[in-house]
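Consider the two complexes below, in which chain A is the common component and chain B and chain C are the respective partners.
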Partner chain A sequence: MGEVLSVRELSKTYELKKSVFSIRSSKIRALDKVSLKVNEHETLGIVGESGSGKSTLARCVLLLERPDLGEIHFCGVDLLKLKEKELKPLRRWMQIVFQDPYSSLNPRKRVIDIVSEPILNFNLVDKGTVREKVKDILLSVGLDESFVDKYPHEMSGGQRQRVAIARAICTEPSLLVADEPVSSLDVSIQAQILSLFLKIKEERKLSMIFISHDLNVIRFISERVMVMFKGKIVEEGEKEEIFSNPLHPYTRLLLDYSIRGRGRIRGDEDKEGACVYYGRCEWRGKRCANEAPLLYGTENHRVACFLEGTY
Partner chain B sequence: MEIRKLSVEVMTETGFLEVIKDVDLTIDEGEIYSLVGESGCGKTVTALSVLRLLGPSFRVKNGSVLFRGRDLLAIPEKEMEKIRGREISMVFQEPMTSLNPVLKIGEQTKEMFVVHLGLKKKEAKERAIELLKEVGFENPEKRYHQYPHQLSGGQRQRVLIAISISLNPKLIICDEPTTSLDVASEWEILNLLLSLVRERKMSMLFITHDLHIVENLSHKIGIMYLGRIVEEQKKDNFFKKPYHPYSQGLLRSAFMRGEKLIPIKGSVPDLKNVPKGCKFHPRCDYVMDLCMREEPKPIRIDDGTWVRCFLYGN
Partner chain C sequence: MMEVLKALWKTSLGRAGILILLPMFFCAVFAPVIAFHSPYEPDIKNILSPPSLSHPFGTDMLGRDVFSRVIYGSRISLLVGFVSVGISVVIGILIGAISGYYGGLLDNLLMRLVDLVLCFPTFFLILAVIAFLEPSIWNIMVVIGLTNWMGVARLVRAEIMSIKTKDFVLAAKASGLSNLRIIFTHILPNALSPVYVVATFGMGGAILTESALSFLGIGVQPPTPSWGNILTQAKECVEVAWWLSLFPGLAIFFTVMGYNLIGEGLRDIFDPKKRLSVIRV
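Now for the complex of A and B:
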């Protein structure tokens, strides 16, 4: 399997001013040396709690925002070396679906305009046939002709998310990034949209990055899984491997809570130079306080934790 | 508490629309009842009607709420004020009634004791600190002097729970109390609620859309769809054998059993386009002619189980 995307040591720090009048500011390390790979026709699931940097990663990978450091290779091209003008034609091959179908669609545009915009932008078909093309794509996401001229407010959340997916796949991308695309939907609609993602992935031989804080969703949709905590990858590997043999205390905690519904945590405190999970960890030792563990292991399964025998 | 045939309407530009219809729901002493349903099905409206906190655009069309021998919908507002907070209290989804940002945690926790029980300052403070300890703060004296923004979401929800149990209510209504929290804090709060209910022998009406929570928390389950409770069962039986096609669909949509996922077709219609007959029939795989014409009444399957569906009974 070829590599579609390879990201090396991506970092992004935000500065937050303490207050409007203050010159002091605090830094938030939203991404801290994150490396990942996505192979052809493979889905990488990213899970982590709120604020762990999942959306920042999505935005940086698609260069909707520039990372501070790192490399992004997309189909062999080093994206950060390109100028915006050189980048633009490449954008057709990488698309995104956001969490909130209410704010991600322009309320003043009809479905036909929303979906045809990228098609026309990249000159994929001529004006005369674009309507037919849009109808085809809508059909493939489960919306019939009657939706072509609707406005977003005339549709339900699930239907809007289908339109957002249609817009993302109409340029036939090779990489689709989905940032919590089902989190705002009802359970019965979530299931429909998840099944739709699987279907289009099969039909179109897509590669996907799928972000969710729900491990059940991640388990359903992905081949590989990455667990993030405070801007760092703490564990990563084949799905079955991660779910049957979770190594990092945070991954185990997530599994305990979301699959089995129990568990315990302790308070949260940050310590400079320590492991990112130090403040929360039940098993922390001396070494964890003074040194941050690196990701370690094989292609199949890597973990950043001193508790693991590999260290 | 017993809700009987409760129907509530809401006023819109086009007239009154039915929000909940013929809701029957009984909670016994010490029992946890989970009311489950998707967004907009009427869970919050049901809860708010019990406490008579519905906004002015709503009206109760008929029904009663019996609580310890009295109909809460019939007593004067003065009486009701004595019941709210003291006998029945409520914990909301955090964003709705978050704490007052400019008052210290302690001030807000002791207020109930001062206002309702008329306790002196010192005694109220002691009681408040005790309470903070009971909801799991390791250092209640320190928390007492902090402001809401110094606490995490889960900790704020703890404080709200402390306030809501301060007067020893018999019934606590929790409306999606953990939806804004991450999984770990979520289960912490749920464990806390569970132990409080046990220790204080309270009953609880727990509102949620999350079947994973329900499986770990409740005695009895009511499934709501478009303003109707379509099925009620004891918890263990429900997860073994859901009767209503909507309940079955929900369970298959929610990763409850392994990884298979079979979505329910279609989507929830809005209140203006409520279908005739059984409200679920356009999405149902077992729909019959009868379902399109008539709305099914509750059919008793066994003690503790009933379902509104023509597939059962005769």
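Now for the complex of A and C:
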């Protein structure tokens, strides 16, 4: 299996100014040396709580936002070395589905305009036949012809999310990034949209990065899993490995939550130079306060924690 | 557009505005048909005659029919409203859009320019400019336009800053669209509703400014009739000929009122918190 995407040590820091006049500004490390790879026809699930940098990762990988440091190799090309102009033709091959289908569709455009825009922009078919093409794509995401001329506000959340998926797959991308695509939907609709993702992934031989805060969703859809906490990867590996043998205390906590619906969360405090999870960790030791653990382990399962004897 | 007009008709303020302005536009367009006297031809026998059947608004000190002059004057006023607001809206949208979309240093520079121009005393700037250029209606429209775009620029900038963070803009970027296309097809159409409101109020303001300039004798030059310069003549004989000042004054009053009412109506329509709202963003 070849690699579609390989990301090396991606970092992104946001500066927050308290007011116009304040000189001091606080920095938020949204991504801290995140490395990942996505193989051909594989779904990488990324899980973490809100604020863990999942969405920033999604945006940086697609260069919708410029990361500060790092490398993004997409099908062998280092995207960060390209100029915006050279990047544009490549955007066809990597698409995104957003969380909120109410803000991801332009309220003034009809479905036909929304879906045909990328198709026409990349000259995939000519203007005369684009309507037919859009109808085909809509059918493949489970929307019939009657939706072609509708406006977003005439549709339900699930239908809108289907349109967003249609827009993302209409250019036949090889990588699809799904940024919490089911989090704002009803539970019954969630299942439908998840199976839709599985279906299009099979049909179109897609590679996916699937982001969610819900471990059950990740378990359902992905082959490999990455757990993020405060902009860092704390554990990654094959799905079965992660779910049957979670090593990092944070992963265990998340699993406890998703299985038993409960777990203990300690107070949160930041400590310079410590492990990112230091503030919350139940088993923290002396070493954890002074040194940040690196990811360590085999290809199948890696964890960033001193407790796991490998150090 | 039709959707907006229909919604406007449903608001009471908007309907009142339309009912006031529609006859005004009608008069301006069909002035030669409606005005049965020439607005220029003096009639020595009927100097300063009070309103009568043949002269509904009376005549001025040269015996010209005031009704015809007011009707022809509406052409000037409505034209001034549209052209000068058109100029200021175009400038305002351009500067606001660039400022809001690109942000950073450029935004800072443009907004300081706005602050700078806002500090000019507009009316005196116009007086100064007209002192150098000849006082013609076109010069006036351009100057009014050039001194009124700042409000629009600020408004557009604020709207764009909030819209550009929406996911559909990111999706457009992911679809490989150029910055210009993103601004013009995705951001601006969603940012313009408040501009319509401000532009409508601006038309009333521009008409008032033009009337004031013409009243001071540096606007539209006689014999071309404008509401402002009819009032100038009226001030010399306001004690004997009340009709000379009343009718152009009413014309100004109702036109500006009409624009303001429509502006209020538009504000109601575009307000997402109100039930009337037709535009969903």
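Definition applied: the second predicted complex is superposed on the first by the 311 of 311 C-alpha atoms of A that agree within 3 Å, B and C clash if a C-alpha of one lies under 4 Å from a C-alpha of the other, contacts with A are read in each partner's own complex, and residues count from 1 in each chain.
FYI, contacts are C-beta pairs under 8 Å (C-beta built on N, C-alpha and C of every residue); 3 or more make two chains touch, one makes a residue touch a chain.
Everything numeric here is computed off the predicted structure, so don't read it as measured data.
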item	value
Which of chain B and chain C A:Asn106 touches, first, second, both or neither	second
Chain B versus chain C as contact partner of A:Asn216, first or second or both or neither	first
Chain B versus chain C as contact partner of A:Gly70, first or second or both or neither	neither
First, second, both or neither for A:Pro249, with chain B first and chain C second	neither
Partner chain(s) touched by A:Glu49 [first = chain B, second = chain C, both, neither]	first
First, second, both or neither for A:Gly231, with chain B first and chain C second	neither
Contacts of A:Ile96 with chain B and chain C, given as first, second, both or neither	second
Contacts of A:Pro293 with chain B and chain C, given as first, second, both or neither	neither
Chain A positions touched by chain B in one structure and by chain C in the second	none
Parts of chain B lying in touch with chain A, wherever the complex brings them together	38-39, 152, 182-188, 191, 209, 211-213, 215-216, 249-250, 252-255, 259, 261-265, 267-268
Chain B partner contacts - residues on chain A that touch it in the complex	49-50, 156, 158-159, 186-192, 194-195, 213, 216-217, 219-220, 253-254, 257-258, 261-265, 268
Touch list for chain C against partner chain A, complex	166-168, 170-178, 186, 189-190, 280-281
Footprint of chain C on chain A - complex, ascending	59, 62, 64, 88-89, 91-92, 94-96, 98-100, 103-108, 117-118, 121-122, 153, 164, 167, 171
